[in-house]
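Before I ask anything, let me first share the structure, which is written out below as structure tokens.
The chains carry the letters A, B, C, D and E, assigned in the order they are written, with residues numbered from 1 in each.
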Amino acid sequence: MFGYTFQWKQALSKLPQMLDGALVTMEIALLSMAIGIALAVLLTLFRLSGNRVLNGFAVTWVEVARNTPALFQIYMAHFGVASFGIHFSPFTSLLIGITFNNAGYLAENFRGALKAIPETQTRAGRSLGMTPLEAFGYIVMPQMLRIAFLPMTNQMVWAILMTSLGVTVGLNIDLYGVTQDLNALTFRTFELFAIAGVIFYLITKIIQLGARLVAARLFRY
Amino acid sequence: ADKLDDIIASGTLRCAVTLDFPPMGMRDASNNPIGFDVDYCNDLAAALGVTAEIVDTPFPERIPALMSGRVDVGVASTSDTLERAKTVGFSIPYYAFENAVVANDKVEMADWEGMKGKTVGATAGTYEAIWLEGQVKAWGEGEFRPYQTQADVFLALSQGQLDATVSTVEVAEANVKSGNFPGIKIVDKAPMVPDYVALFTMRNEYGLINYLDLFVNQQVRTGRYAELYKKWVGDGEPANLSVPGVDR
Amino acid sequence: MIEIENVYKSFGALQVLKGINLTVPNGEVLTVIGGSGSGKSTLLTCINGLEKIDSGRILVDGTDVHAKSTDLNKLRQKLGIVFQQFNAFPHLTVLENVTLAPRKVLGQSKEQAREMAVKQLSHVGLGDKLDVYPSRLSGGQQQRMAIARALAMSPDYMLFDEVTSALDPQLVGEVLDTLRLLASEGMTMICVTHEMKFAREVSDRVAFFDKGVMAEIAPPAQLFDAPQTESLKTFLAATH
Amino acid sequence: MFDTALSAADLWFLTKGAGMTILVTAVSVVFGTVLGIVFGVFRYQLGAIWAAPVTFVLDVSRSIPLLIQLVLANAFLGTVLRLQMSGFTVACMVLTLYTAAYCAEIVRGGIDAVPLNTRRAARSLGMTWAQDMRYIVMPLATRVALPSWIGLALGVMKDSALVYVVQVVELMKSTQILITRLQEPLFLLLICGLFYFVISFPLARFGGYLEKRWSND
Amino acid sequence: MIEIENVYKSFGALQVLKGINLTVPNGEVLTVIGGSGSGKSTLLTCINGLEKIDSGRILVDGTDVHAKSTDLNKLRQKLGIVFQQFNAFPHLTVLENVTLAPRKVLGQSKEQAREMAVKQLSHVGLGDKLDVYPSRLSGGQQQRMAIARALAMSPDYMLFDEVTSALDPQLVGEVLDTLRLLASEGMTMICVTHEMKFAREVSDRVAFFDKGVMAEIAPPAQLFDAPQTESLKTFLAATH
């Protein structure tokens, strides 16, 4: 039917290598989310602090992260900062790039979520004798994380998808990198990338399902 | 009509050329494509009586670009490996590279074996990348990084992100000479079988492959090969394109 | 003892408190009534330092609430407050709502805090709701939980700001009963309320606020049956 | 600070790249939005089960890296089907579907945000389903959806940096080409980032402004 | 004439209407009272076909509302309805709110529709608010606009579903006055309401709904002063 002969067998024989790559992909995404959430909370606090320098820093971070391509951010993390003599391995560069992006987007989500939490909650906490930081940590933040949970899930999916940009900084152990390396050897482009696509799809579905289970356990109120 | 007829009928020949691979393919100050491969494509178009269109194609994309019909032939310093020949059809070699080991100034390295245990890299999907990755695996130490373009490799080398790379002697010399990449030096020849590169097109386009073979033969015969070598690579002998003791 | 001396407070151009003087001795139940916007809520939030005042002084057990040197977080542990809007922490169970501050602020152990919480929750009639989330509680139950939460800090004073006005009529009674209980146990309380019947029954004194001024203050029988000012008369007429 | 070999011609080269970025984005966003509205209304109206095939396709395009989608579409259309398509066409097709996938969600959210009672009021005045959609739902849904839609358009603009894999020379690729020649990565990357920022930031702010304005009436 | 014959309606397992029989002759003002959840709103939305019924029939001027062949969009033009929640179209001015349906549904010209709209808006006392957006109107004004909007279609019947219950007390009067005016002009109306005084004054008959059943129906004097069923007695006691 097509002028092209599919050679699935050959491509499928590489599945173990690709699954190893998938593990690396998930590792990067998880790490970048964990660090990204921590940074986003920090940026949110900076924005709430009322300190102009901290606020400016947070705003700049968020705006740059949201207004430039992820590819740009990752390329910058590897080749850009190297102009200052700072060298990161491909793995670290990709991690930094994605984390930077995650933190920016999440901080913005958190800000939106904060608006939905009544001021009276903080007041209630303060009037029980809590410090501002305690009131934020014990009362506001948990509620904020719940409201921002769906956007966080989406961000996690994006983090997974963004790992595919690692090849631009020389990473070849993640799922996309492994696939591209295999492609350079055999040129079964369609078959190999179709398999990679299916794996990516399954990963995102697992994440979304997992998020739902976690949400059901975590947010019973 | 076959591909050859199609090209003549359409009046354009679309060549995949990699433009970050000086002196074979690069851009001049007004960002127009120049280089050995660019001239080679122009010659081919002239022989066919059509105009050439240069399609800038990164190394990993060369064969996909052909397979998806975006280009007619590849004039992109493509090594004629047996693995690739399962997918595309190669002409006889039109050039042959020796490979050199290039290192960052600050790295102590006497010969090619000095790469053992170092962070090395090359352009993803190239002949030398495949060889180098194999070496790193065999050594069992050090790290191999494939970058998307030759330029990224030298950029990383110049920045010190890579300790060493393997690239064709021509590229290595051109890059050292250009001064674009401060702090790099050529250390040694890489102990590889010479890297014969060939034109390629669809595997089943025998008419066109035939034509390409003859065209390469004519380029050598007429002295154009030596001329282009002199123009882009410099003084010296262009590599011998026939392998002694065997015909193809 | 809570002493309020000549307190002024504005929001921007709007003067909300215009020289309030008031002393609430220990053991007294003081009720504050008055029209909307007359400054009742603002006074309560000034007493526990959630809002700053412009001039005057507020002393709680002799400590100046608005002095720079005062540790407000410490002071607030003495001053329980319950607001009109239900302020349950929705992400915590009833028990966790009540034990959070004792554990994090007072540094009590889990067991210690739990014991106190169970005691206070039983006190307000929520002993069987420990592991429920606030969203499953009625408004009245949420308010009683808020009271238990404040009581778990063992405060010396309790401030109530219209704790029943956001409740459906049939739920008002259960919360007022809880306040009655507290009053009968001798807690020092300032209650802002619109429930005149409750004010009359429970209070030692009733204060009437009008446009930022404390227009009248007297024992309930006197204030309700022999109002002195025109504004109080109008106010009482409108609420009956 | 920078001693640069960057010439006016090079800046023009970058500007052309930015032009390509905008062109690819504009084409994809226009077609993707139309398609997204159709899919969005379709899904809302048909219910989850009948719309499942469409939902699946759209879901896939949100769950696979764009890079892979581009490579696959290119390989499939070109290598397998042997269609002679330019990289630009392939890029626009993939990005259009990608836009449509997100747009359908936005449209559905917008429709959901129109209170059922308002729609009932319209229907009880004798308006047909189509009239209700046209005069009540669409204007109201647009208010809810427009800020997210602007966000989407900007997202597509940024993601279009990936179409280099199908040989479209847009802003990011132009920058890489210049880096190859000039070897001033940091400086060129900063300029590139600035270009993106200049295109993106005003629109993002406009979206934020609309959101603020419409959220309080 | 609206004829309701043995109508049953459930939402899932919940039976909301359990065999309703009711005839409203032209010119009558019928008031429907009853506890929350008794099915009053549901009945109204069944009459104009916004909800389907399970069994029975509803005839409006002899047309079966729920018959397949009935053009509901046409039928609804006869049946104006105003809901409890304000249903202004927020993106249109007051005038546009009122002219939209006449223009798009009845195909009136801009001028024709405007003339009618101005007449109806003046009727309900909004003649000076033509170019204002609904967000600038009070709740009472929004409800009166909704009434004008329905009247602009020249309906033969008007259905009102607790049009005053979402209003602040001081705004209730202005909307009830509008209803009184309509009633005095001879409009056939079904009003679901909690305003007993209004029901007593204006209605020809009052129907009492209890858990999906029409428990009593009678002229107001009789129904209010001599309730027959226990449930109506309890209901009336609670609402006084």
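Here, a residue touches a chain if its C-beta (ideal position, glycine included) is under 8 Å from a C-beta of that chain, and two chains touch if they have at least 3 such contacts.
Here the structure is a predicted model, which means the values were calculated and not measured.
Colleague: Between subunit A and subunit E, which partner chains are common?
Modeller: Chains touching both subunit A and subunit E: D.
Colleague: Trace the shortest chain of touching neighbours from subunit B to subunit E and give its length in steps.
Modeller: Shortest path length, in steps: 2.
Colleague: Per the centroid of Cα atoms for each chain, what is the distance between subunit B and subunit C, given in Å?
Modeller: 82
Colleague: Measuring centre to centre with CA averages, how many angstrom lie between subunit A and subunit D?
Modeller: From the centre of subunit A to the centre of subunit D is 20 Å.
Colleague: Averaged over CA atoms, how far is the centre of subunit A from the centre of subunit B? Could you give it in whole Å?
Modeller: Those two chain centres are 37 Å apart.
Colleague: For subunit D versus subunit E, what separation do you get between their C-alpha means, in angstrom?
Modeller: Distance between chain centres: 46 Å.
Colleague: Using the touch definition from the top, which residues of subunit D touch two or more other chains?
Modeller: Only 71, 75, 79, 82, 179, 185 qualify.
Colleague: Considering subunit B alone, which of its residues make contact with at least two other chains?
Modeller: Answer for subunit B, listing residues that touch two or more other chains: 64, 67, 155.
Colleague: Identify all positions of subunit C at which a residue touches two or more other chains, and write them in rising order.
Modeller: Residues of subunit C touching two or more partner chains: there are none.
Colleague: Spell out all pairs of chains that touch, sorted by label.
Modeller: Inter-chain contacts occur between A-B, A-C, A-D, B-D, D-E.
Colleague: Which residues of subunit E touch subunit D once you look at their complex with the stated criterion?
Modeller: It is residues 45, 48, 50, 73-77, 79-81, 83, 85, 87, 89-91, 100-101, 104-106, 133, 135, 146, 149-150, 153 of subunit E that touch subunit D.
Colleague: Note which residues of subunit D are touching subunit B in the complex, please.
Modeller: 7, 9-10, 13, 71, 74-75, 77-79, 82-87, 164-165, 167, 169, 176-183, 185
Colleague: Touching subunit D in the complex: which residues of subunit A?
Modeller: 2-4, 63-64, 66-72, 75-76, 79-84, 157, 161-165, 176, 189-190, 193-194, 196-197, 200-201, 204-205
Colleague: Within the complex, which stretch of subunit B touches subunit A?
Modeller: 60, 63-64, 67, 83-84, 86-88, 121, 124-125, 129-130, 133, 143-148, 152, 155-156, 159-161
Colleague: For subunit A, which residues are in contact with subunit B within the complex?
Modeller: Per the stated touch rule, the residues are 4, 78-79, 82-83, 85, 87, 89-90, 167-172, 177, 180-181, 183-189.
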